[in-house]
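There are two complexes below, and they share subunit A, which is joined by subunit B in the first and by subunit C in the second.
Let's turn to the complex of A and B:
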C-alpha cells in the first residue's frame, strides 16, 4: 500500500500482506506486549507519536515540504483537550474535537503566511511560530499551568447513552479507543493521499515547476496540505493529553518538533507506514534507555545517525526495497 | 481567413534584467496549425522569449497575444488553462512516479479535478481513457507502469510531451525537445513532434539547436541573435539568408 501510494503503482499482494500484519499486531497488543515486558500505556504512546509523525509526513514525505514546528499543533491539540476537560466539560469527545480544531485552525491560518516560503525559510518560520506557542504556554501560569504543565483534568468515560465505555479506568479499553481514533485518522489520510488531490501533492513534491506549468495553483495546494497535516497532528496531541492526563509545555517545544521529524525520517518518509515503525523504535529507545541513563537522547541520536547513514530511505523504505515491493 | 487573429502574436516585446536586454523589440506572428522553430546562438534570448510567452515572468514592454487576446499580464497557470502547453529545456517530469501517474495527474489537473477527494466511476473512466490516449500518442503504453525516472532520455521527453498534451493545449511550446539526445532518440522525438503537427494539427513553437531537426520539421523559422529578431522565413529562405549565415549558421554549433 505504501509503495503503491508514493509511486502510483497498483497495490500488490505484498502490500495487502503488509497491511494485514500491521493491523494484526496492533489489534493484539494487550495480549503480547506484557510478555515482552512492556505495558499497554507505552503502546498508546507509540500510536500517538505514530499519528503525529504520519500526519507530519503528509507534508514532508508526500508534499515535499519541511516543517520544523509541528510540535506547535501537537501541543495546541493537547492543551485544547486539557483545557476543555478542566474548564468546560468532562467530555472526552468534546475535548478531542476542541483540541483538534484549536491546533488545526491555528495551523490553517498560520499556513497562509507560509506558503510562499520554501526550503529552509519555510522551516525557519514554522519553528518561530512553534516557539511563540511554547512561550505562551510556558509563561501563562494562571491559565496553562506554565512551567509545570496543565494538570487537574482527567479523561472522561465515553457515554454512548445505553452504555459507558470506561476508558478512564481501564488501560486496555483506552488503548483500543486510541487505536480506533488512530485507525480512522490514518484511513482518512490514505484516502486523501490516493485521491486526485493527493496526487497533486505528489506532483508538487516531485517537481514544483512542472506542477505549476500543468496549471496547478501550487501555493493553494501546499497550504491545504499544511492545514490537513496540522489538523491530524493536533488530533494526535489531544490523544497525548488524554493518555497522560497532563499537557506539557515541552510538547510545544522545538525539541518535540525535532522528535517528530526524527521518527518520520528513521521510519521512512517515502512510505505511508514508515513513521509508525519510527515511532516504535523511538518510544522503545526512550523507554528502555531512559530507565538506564538520563542521557537517553544521546543513544536516540546515535541510532538516528546510524539509520540515516545506513538506511537513507528509513527502516520501512529499506524493508520495501529489500523485498522488492 | 486573412483578418483572423494569429494563434500567437508577440508585439514589440522586450525583457530587461537590470541593464541586460535579454529580449528587445521582438515581434512575431504564428499562424494556426503552423510549426515554427526559433533558432539562434546561445544567449540569444530564446528561452527568455519562451518564458515571456508562457508567463514565467511578465515582459518589460510590449504585448503577447493568444488568439487575439492580450495575455501579457496573465499568470502562467491561467495561460495553461487558455491552451498553452509547455516542455522545458531540462526535462520536467515527476521522476519517482509512473508514466501513467504522470499523465493521470496532468489529465486530472486539466479537467479541473485537482481538488477532488473522490471521483465517481464515470470520471475515473474519463481520466483513465484520456491518459491512455496521450500515452498512446507518445508511444508509451508499453512503459505505462514504469517509473519515469528510470526511462531513457527520449522516453522521458516523450512523457513530458504526453503530459503537455494531456491538458488539451491548442498551442504547444517545446524548449529544445532533442537537447542532449543521441541520433536514435532524436529520431524518436522528432517523429512524435511531426505526428502531432501533421496528423493532430497542433500549432507548435519550438526552440532547437539541431539544424537537421529544424529544417526537417519547421514551416517557418525565426532567428534570434542578441535578443533581437534577425530574420524570419521558410527553411529555404533562412538557409539562403546572408545575415543568418554570418551570425549563426556559418559558425560551427
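Let's turn to the complex of A and C:
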C-alpha cells in the first residue's frame, strides 16, 4: 500500500504482502507478545501512538506541511474523553465522539489562522497554539485537575443491547477494541489519501506553486488536510485516555508534539505504515528510558539527533530504498 | 496602586528586554537559515553557567564580557558540527535536531553544574535600590535595561554598517543571489548563528544575576520569544524588538489587574495579530512564505 501511496502505481504483490504481515502481527499480539516478555497494554500504547503519528503524517508526509503542535489535539482528545466520562455519562463511545470532536474542531479553527503561513512559521504558530491548550489544562485546576492531570474516570463496558463487551475489565478485549478503532481509522486515512483529494495533497507537497497555477485552492486544501489530521489525532488521544484511565497535561505539551514528530520520522515519513514502525521503536525506547533515573534527557536527545543526522529516511524509508521500490 | 502599576511596568520592560534578546537571536537565525532553534533557551543557560564558572577568576564584569563570546564560539561549533547538515532538508529535521539538542544541553548543564539552583553574585552597588521610594527598582534592573539597549543598538549597527552585517541583511532577502555574487553563504550562516548565540549568552548572564541559575532556566523564555517573532512580523528585526517589548509589558500590566491571565494575554495578542494582520506588525508581505 505504501508503495502505491508514494509513487502512484497500482499496489503490487509486495504491498499486499506487507499489508498481510502487518495485520497478521497486529491481530495475534495477545498470543505472541507475552512470550517476548511484553504485556498487552503496551501493544495498545503502540497502536495509540501509531494512530497519532499516522494522522500527523497525513499532514507532514502527504501534504508537505509541518506542525509541531499536534500534542494539542492529541491532548484535547484525551481530555474530552476523560471529562465526558467523569462529568457527563459513563459511555465509552460518547467519550470517544466528544474527545474527537473537541480536538478536531479546535484544530479546524486554529487551522483557519494557520493556512496562510508556510515552512518554519507554520510550525512556530502550531507550537504556540499547542502551548495555549497546555496552559488551559494546566491552569484550570478545578475542572481539569491541573498539574496532576485528570483522574477519577474509568472506561465503561460497551453495551450493544444484546450483549455487553467488557473492555473495562478485560485487557485483551480492550486491545482488540483499540485495534478495531485503529483499523477503521487508518483504513479511512488510506481511502482519503487515495482519493482525488488525497492526490491533490500530494501535488501540493511536490510543488505548491505548480498546484496553484493549475487552479487548485491550495489554502483550502491545506486547511482541510490540517483539520482531518487533527480529528484523527484527537481520536488517538481519546484512546490514550481510555487506555490509561487518565489524562495528562504533559500530553498537551510541545515535548509530546516532538515525540509524535519523532515517531513519524523514525518510522519513515514518506511511507504510509512508517509511523506504525516508528511507534514500535518509540514505545520500546520509552520502556527502556523509564528504567533510567538520571541522564535520560541526554539519551533521548542523542537518539533524536542521531536519527536526524544519520537516519533521516526512517526505518521504512530505508527498507524501501534498499529494495529499489 | 500607582506603585503597583509602576512596579509591574518596570518588571514588564525588563522581562520584555529578555524576550527581545532571545527573540532577536532566534529571528536572525530564522531569517538567514530557516532554522527555528529550539535549543536557544539552552544557549541562554550555558551563557549563564559559563559566567558562573568565570566569576571567581574574572569577577562579574569580566564574566559579563567574556561569557557571551564563549557562548558564541560554542554556537559556532554546534552550527558547524550539526545544524549546517540540515539546511538543505525538510524544515522538520532542523526542528527535531534542535529539539533533541536542547535535551542534550539541558542534561549536560545538570551533569556539569548540578541540578540545584545556583546564585550568580553581582556587585554590591548593583543590588542597591535606586531611591527609597522606588525600592523595587534596583540598580541591577536599570543596568540590565542599559545593557540590552547597548546590545540591540550594537546589533543594528553591525547589521547596517559592517560588511558581514550587510551580507546577512541581503541574505535574508535573497540568499541565492548573495551566493551567486560570490559570498561564502555557509560561513555567513555560521557567523550569523554565532551572533544569535552571543545574544542568548548575554541574556543568560543578565538573567542569572537576577533570578539565579538552573538547568532549565531558558524554557520559560523560549515560547514568549517565538510569539514575539510572530507578533513582530517575520523577517523584520525591528518587528521582533517591538513584539518582545509589547508582550513583556502587556503580560506585566495584566498581572496588576488579573494575575492568572498574564500568560494567556500574550497568546491572545498573537491570535489577534494573526487574525487582523497575518504578516505581523512590521512583517513584509513577501516574507510570508
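The criterion applied here is as follows: the second predicted complex is superposed on the first by the 315 of 325 C-alpha atoms of A that agree within 3 Å, B and C clash if a C-alpha of one lies under 4 Å from a C-alpha of the other, contacts with A are read in each partner's own complex, and residues count from 1 in each chain.
Basically, a contact is a pair of C-beta atoms (placed from the backbone, for glycine too) under 8 Å apart; a residue touches a chain by one contact, two chains touch by 3 or more.
The structure displayed is predicted, hence computed values, not measured ones.
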First (subunit B), second (subunit C), both or neither touched by A:196: first
Touching partner for A:164 - first (subunit B), second (subunit C), both, neither: neither
Partner chain(s) touched by A:207 [first = subunit B, second = subunit C, both, neither]: first
If touched residues of subunit A are counted for subunit B and for subunit C, the larger one: C
Subunit B versus subunit C as contact partner of A:307, first or second or both or neither: second
First (subunit B), second (subunit C), both or neither touched by A:221: first
Contact residues common to both interfaces of subunit A (with subunit B and with subunit C): none
Residue ranges of subunit A in contact with subunit B within the complex: 6-10, 191-192, 195-197, 199-200, 202-203, 206-207, 209-210, 212-217, 221, 224, 270
Complex contacts: residues of subunit A adjacent to subunit C: 60, 66, 68, 113, 116-121, 123-125, 127-128, 131-132, 135, 139, 258, 261-262, 265, 269, 295-298, 300-305, 307-309, 312
Residue ranges of subunit B touching subunit A (in the complex, touch as defined): 54, 76-78, 80-81, 86, 88, 92-98, 100-101, 104-106, 108-110, 113-119, 127, 145, 147, 160, 163, 167
Residue ranges of subunit C in contact with subunit A within the complex: 30, 34-36, 82, 85-86, 89-97, 99-108, 110-111, 223, 226-227, 229-230, 234, 260, 263-264, 267, 270-271, 274-275, 278, 288-289
